[in-house]
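Each of the next two complexes has chain A plus one other chain: chain B in the first, chain C in the second.
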Partner chain A sequence: MSSTLLEVKDLQTYFFTDRGTVKAVDGVSFDVEKGETLGIVGESGSGKSVTAASIMQLVPSPPGDIVGGEINFKDENLLDLKMKRIRKIRGNEISMIFQEPMTSLNPVYTIGEQISEVLRLHQGLNKDEALEKSIDMLEKVGIPSPEERVHEHPHQLSGGMRQRVMIAMALACNPELLIADEPTTALDVTIQAQILELMDELRDEFNTSIILITHNLGVIAEVADKVAVMYGGRIVEQTDTVTLYKDPEHPYTAGLIKSIPKIEGSEGKLKPIKGTVPDPLNFPNGCKFANRCNYAEEKCWAEEPDLEEVKPDHYVRCWRWKELDLKNESEVK
Partner chain B sequence: MLGYILRKTLMVVPILIGIATITFLLNFVFVPGDPVRISMGQHADPETIEMIRAEMGLDDPLIVQYGRFIGGLFKGDFGKSFTTRQPVLDMVLERFPATAKLALAATIISIVLGVSAGIVSAVKSNSFLDYFFMTFSMLGISMPVYWLGLVLIVVFSLNLDLLPAGGYGSGSLRYLILPAFALGFRQAAKVARMTRSSMLEVIDKDYVKTARAKGLSEQIVVIKHALKNALIPVITVIGTQLGYLLGGAVLTESVFSWPGLGRLAVNAVLKRDFPLIQGTVIFLAACFVLVNLLVDLSYGLLDPRIRYD
Partner chain C sequence: MADNILEVNNLKKHFPINGGIFKRQVNSVKAVDGLNFNVKRGETLGLVGESGCGKSTTGKVLLRLLDATEGEVKFEGRDIHKLDKKDLRSLRKEMQMIFQDPYASLNPRMTVAEIVGEPLDIHNLAKGKEKEERVRELLDMVGLSSKFAKRYPHEFSGGQRQRIGIARALAVDPEVIVCDEPVSALDVSIQAQVINLMEDLQDELGLTYIFIAHDLSVVRHISDRVAVMYLGKIVELADKDDLYDTPKHPYTKALLSAIPVPDPQRQREKIILEGDVPSPINPPSGCTFHTRCPYAEDICKQEEPVFEEKGEDHLAACHFTDKLE
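Right after this comes the complex of A and B.
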C-alpha cells in the first residue's frame, strides 16, 4: 500500500429542504490506497450512500449540495473540476454499482448495448470492438454463454446475473476506483457470497481500489481491508478490519458487531441496538449516538467529541473510549 | 408477431360491423326528418316523394335495408349518396387526402412542440420554464380550436397578410400552415402534459442514475435512457389523436374552409344523407382501428418486455 488514490477531506454534503437543512454528510474524511478495499458501514440515513454519490457528484441538486471539503482523486480535486472533465472520469476512472440490480439496468436496451455504451464513450471503440469486449467482460464476471447473453435484455436475467452485468459494465473501462453501494443487499445470501468473491477476484486482477458501502458488517469482514463506521453523517470509528472486530472502541461499533446473529452460543435472542437514528433535521448538540448509548453521560449530551487517534490508524469519536472496555462486551455471549 | 397482426386485423371485421350497425340504427331510428323531404324542399308533391323513396329503397322494411347495407359493405359498396347520387366511397376517398394532410401536419407539429416542451418541463420540473410550458399547455387544452383558428386568421391573414385565411389552394403548403397550427397546438398541449408526467416517472429511476454514472452527457441520459422508457403513454396519446384526426377535424375544417372529411360529414348530417353519414363514420372507425393497431405494434419496438403471442 504505497500511493493514495483517493483522499476525501472534510466532505460536507447538505440537503436543503423546506423543513430545514439536512447535514447528510458532515465532515467526513478518509483515504483509499491503490488496490485497497475500504468498507463504509452504517445504518440507513447514516450518510454512507450520500458520501458515495458525492464522490461521483451524483447528488441530486437541488436539494443536495456539496458545501465543503475536498475530494482529491490522483492529483485533482474533483470538486474543482468542470462537468465535462467529471464525465470523463465517471464510468472510466471511477465507476459505480448500485444496490438494486433489478432496476439499475435500462430495461429497453440489451446487455451488450449497455456495456458497449461505456466502451464506445470512453475508449472510442467501434460497435463491433465494443461488443467483443462486452462479451469478454461478461465472461470475466462469470456469465455463462456470454455470446448469447450479450443480446438479451435485462428482464431475461436473474438478480444475481444482473449484478454481474453491472459489475462488468463498471469494470469495462478498467477504472482505478469502484464504488459499490450496497451491491449485495438485494441478493440472496448464496448469490451475495458469489458476488463478493467476484469483486475480490476482480480487484486482484485489475488492481482496482474499492469503496464498499454496506450496512452489513459480515460483508465488510469478508472483503474490506479497512473500515469507516458512519453515524449521523459523521465517521465515528475508522481502522483496519481486524482491529475493528477484535477491538472496537466506539459503543456504536460494538453494538453493530453484537447485533450480528451468531449461531454458536446458548442464547437465541438477537441483540439489536435500542432506539433509532435521531431526526437528521434536528440532530442533538452532543454526541449523536448519545440517545442510544448505554454509556452516555452528561458530557456526551452536551458536546460532540472529535475524532481522536487511539492508536496509529485507529480513530474513534467518543468521549469515553479510554474508560470503556468494549472488547470484552462484544465477545460475551 | 405475424399471428398477432393477423388476429388484430381480423378483429377489425366485427368491430366495423358493430359500428356500421350502430350508425345505421342511429340514422334510421333516432334521427328525425325524412331525407327525401329535406332534399326535395317543402313544396314537393307527395307522389314524387313516394316515388323517390321507393327508388332509394327507403320503403323496404328496416331489416331488409340493414341486410342490403351490411351485404354491400362486404363488397366494398358503401351505397350511393342521397344528394349527389355518387358512390359514397368515391366521395370519401376524394376528400381523404386533404384530411390526411391536415392530420399528419397537425400531428407532426404536436410531436415536435409537445414532446420537447414535455421533456424540458420534466427535466427542469418546478422551474420557471416548467410553469411556462404547463400554463401554455393548459391554455392550449382549454382553448376551443375554432377560436384559436379565428385568432390565427385575424393575426396572420388580416393584419400581417402573411398567409391565406382559408381554402385548400390546390394543395399549396401556405394554405396548410394555419389550420395545421390551429389543430396541432391543441394536440401539442396534450402531448406535452403526457410527456412531462411520463418523463417524471422515469427520470428518478435507477437506470437513469446508472447512465449518469457511466459518464454520459445529460442530453444522452435524458433522450436515450429516460425518454425511450417514457414513450409508451406518449405514443398512445399521439396515436389516438391521429386516428381521430384522420376522420376529419370538423371545426378546424369549417373555420378554414378546408375540403376534408369533417365538412363532408357535417353536410351529410345536415342533409340527412344517411349513406354518406354511415360511410364517413365507418371510414373514421377503420382509420382509428388501424392506427391503434400500429400503436400496439410500436409498443413491442419500444419495450422488449412486451411480447406478442
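Right after this comes the complex of A and C.
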C-alpha cells in the first residue's frame, strides 16, 4: 500500500518587489508518496525553484514570503514548525540538490570535510567514522578513487563529478525525500545518463521519494512516475507520466511536447508555441496561457479556470479541455 | 562534384600552457587536433560532442577569430589563415558567427538599431537613410517589429535577443554562419521558434550553416550532415540519417543511446560510459576514446585508427567498426 510522505496544499509564495507583487507560486497542491518520483516541468520563471525553496523554507525574505498553504511532511505542517526543527529536518529527512553545484559547495573545504560535516551534524558520527562514511558515499555515486578524491577541493573536480558529490552529500543521511532542482541541466548527456541511473538505483535501494525539477521533457519521461506541469506559478496539468505524454489535455502541455524535435528524426517544421511568457506582473487576467493559446476564446480572457479532476488522478486547468482534440489539433473531439 | 564552400585540412589549435620560473611553454591544451572535413555550399553541417571537445574553438578557428596552430581552412579555395589584414576584412563579410548566450553577446548600452547597424558601418555598406532602411528590413526578416529599433537588449526576452543576434549576423549578407549553441539557452517552446526562423532564412538567402550544439535531437532536425567530435578530433561524419540510424563509431553510439527520449513508453537500452572525458592536455595514446570504450582492445591503446570511409560518404575512425552491428 502506498502512503503519502509529503502533501503540499494550496501553497502561495509571493515576492514583494518595488514593481509590484510577483505571485511566483500561486495555489500549488500535490502529493508525493513513499518511493515515488514526482516530476515538475515548465518554462523558465514558472515557479519550479520557488516551489522547491518553499518546501525547504529557503525562500529569501524579504522580498519573498510564503503567504498561504500547508506543507505537510509526515504528520507535521512544516510551516508551523520552529526554525530549529526545520534545520534538523533539512539535510536529514529532506535534502536538496541544486542546479549549480559550484554555488552550493564551499570552495574552501575539501569534499570530505563537507560531507563529514553533514554526517557529524545529523548523525552524530565522530571524525573518523564520518570520513569513512564519506568515502563510502563517494564510491556509491561513482567517483573513481574515492580515498584520494575525498581530500580534494571542489575546483579540482569536473562538473559531472561535482554534481555527483552534491548527490553524495544530499544522500549521506538517507533522506526520505530528495528534491533535485535541474540536477543534470548543466551536464553532458553521457554524464546525465549516469546521474539519472544513480538516482534510480538509490530509489530502488532506499525507497527514497524524489521531486525532480527540470525543463527537459526527456528526463521527466525517463524517471518520473507522475508529472506536474507549471505555468505562471500554477499547476496547469498533473497526471501519471504515461498519460501526460500520450493524452495531454492542456494546450500548453500538448504544445510543449510538440515543440521538441524527435531523436528518431521528424519531417517538416517544428511546431512552436507562439509568443513568449509574459512579464510576471503582466499575465492575462483570465487563463494565464490565453495570449499564447491557439484555442483561447472570450471566456478564457475573462476568467481563470480551476484545476479540475477530469479523470481519476488527472487534473487540468482549462475551460475547453472537453471539446478540444489536441492530438489532431482541432477544436472538436 | 559537390561544391565545397569550405575545405578544412589537418586543422589544429593548441593553447600553450606556460609554467616554471621563466614562464616557458611546458605543455599545451590540444583543443582542436587535426580536423579534416568539407562543408558544402548551402548545407547545414552539425557539430556535436561533449563539453570541452573543441566545438567552439573549431568555430572560432574556422572564422579566424583565433589563429590556427597548424593546417588550413580554405574558403572558396583561399586559405583564410594566409590572408593579409585587408583580405581578411572582406572575408569577415562572408563568414559570421552567432553565439550561445544571447545575454552576453549584445552590448547592453547600444540600441537594437545600433547593434544591427554596426556591421554596416564597419564594412562601409550603408549610411544614413539607407542604413535605417536596411536595419528595418533585417529586423523584419527575423520577425521583430521595427518599433523595437530604439530599445535596449535588456528589454527583450532570450528568444528575442537571439533574433537580434541573428539580424546582426545577417547584416553583411554573409555566405556562411557558424552558429555556436544558438538555442541552448532558450526554453523549448522558444527554441522551436528560433530553429524555424533559421531554416526559413537559409532557404531564402541560400546560407551555409555550421551548427554547433550538444542537443542531438535539435542537431538531427536542422542538419544535413553531422560531425561528432571527441577530444579535439572528428570521430565520425556522415549524412544525418546514416549517422543516427547506423552509427559506425562506439562513441557516437553511446552518445545517441544516452539521450533521454520524451516518451515514457519507448525507453531504450542505454550504454552508460564509465568515467569522464580525459584531459586534452595529455590525451590518451592510440585511439583517444580507448579509456571509455566498451569495445577497446590492445591495439586501440597503441595505434590511432584512421578516419576513413566505412560506408558511402560515411567516415569514422575506429579499429572495430564491425563489432557495432
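Convention: the second predicted complex is superposed on the first by the 318 of 333 C-alpha atoms of A that agree within 3 Å, B and C clash if a C-alpha of one lies under 4 Å from a C-alpha of the other, contacts with A are read in each partner's own complex, and residues count from 1 in each chain.
Please note the rule applied: a contact is a pair of C-beta atoms (placed from the backbone, for glycine too) under 8 Å apart; a residue touches a chain by one contact, two chains touch by 3 or more.
Predicted model only: the values in this text are computed from it and were never measured.
Annotation: superposed three-chain arrangement on chain A; chain B versus chain C shows no clash, the two fitting side by side.
In the superposed model, A:D200 makes contact with neither chain B nor chain C. Set against each other, chain B and chain C differ in how many residues of chain A they touch, and the higher count belongs to C.
Of the two partner chains placed by the overlay, only chain B lies in contact with A:H153; chain C stays clear of it. Of the two partner chains placed by superposition, only chain C is touched by A:V189; chain B is not.
Judged by the touch definition given at the top, the superposed model places A:E222 against chain C, while chain B stays out of reach. Residue contacts after overlaying the shared chain place A:D31 against neither chain B nor chain C. Of the two partner chains, chain B is the only one touched by A:P107; chain C is not. Of all Cα pairs linking chain B with chain C in the superposition, the shortest spans 7 Å. The part of chain B that touches chain A in the complex is made up of residues 205-207, 209-217, 225, 228-229, 302-305. Listed in rising order, the residues of chain A touching chain B in the complex are 56, 58, 86-92, 95-96, 98, 100, 103-108, 110, 117-118, 121-122, 153, 155, 166, 169. Chain contact summary for the complex, chain C toward chain A: residues 50-51, 157-160, 187-193, 195-196, 199, 214, 216-218, 220-221, 240-241, 244, 254-265, 267, 270, 272-273, 275-277. Listed in rising order, the residues of chain A touching chain C in the complex are 43-44, 144, 158-161, 188-194, 196-197, 215-222, 241-242, 245-246, 255-257, 259-266, 269-274, 276-277.
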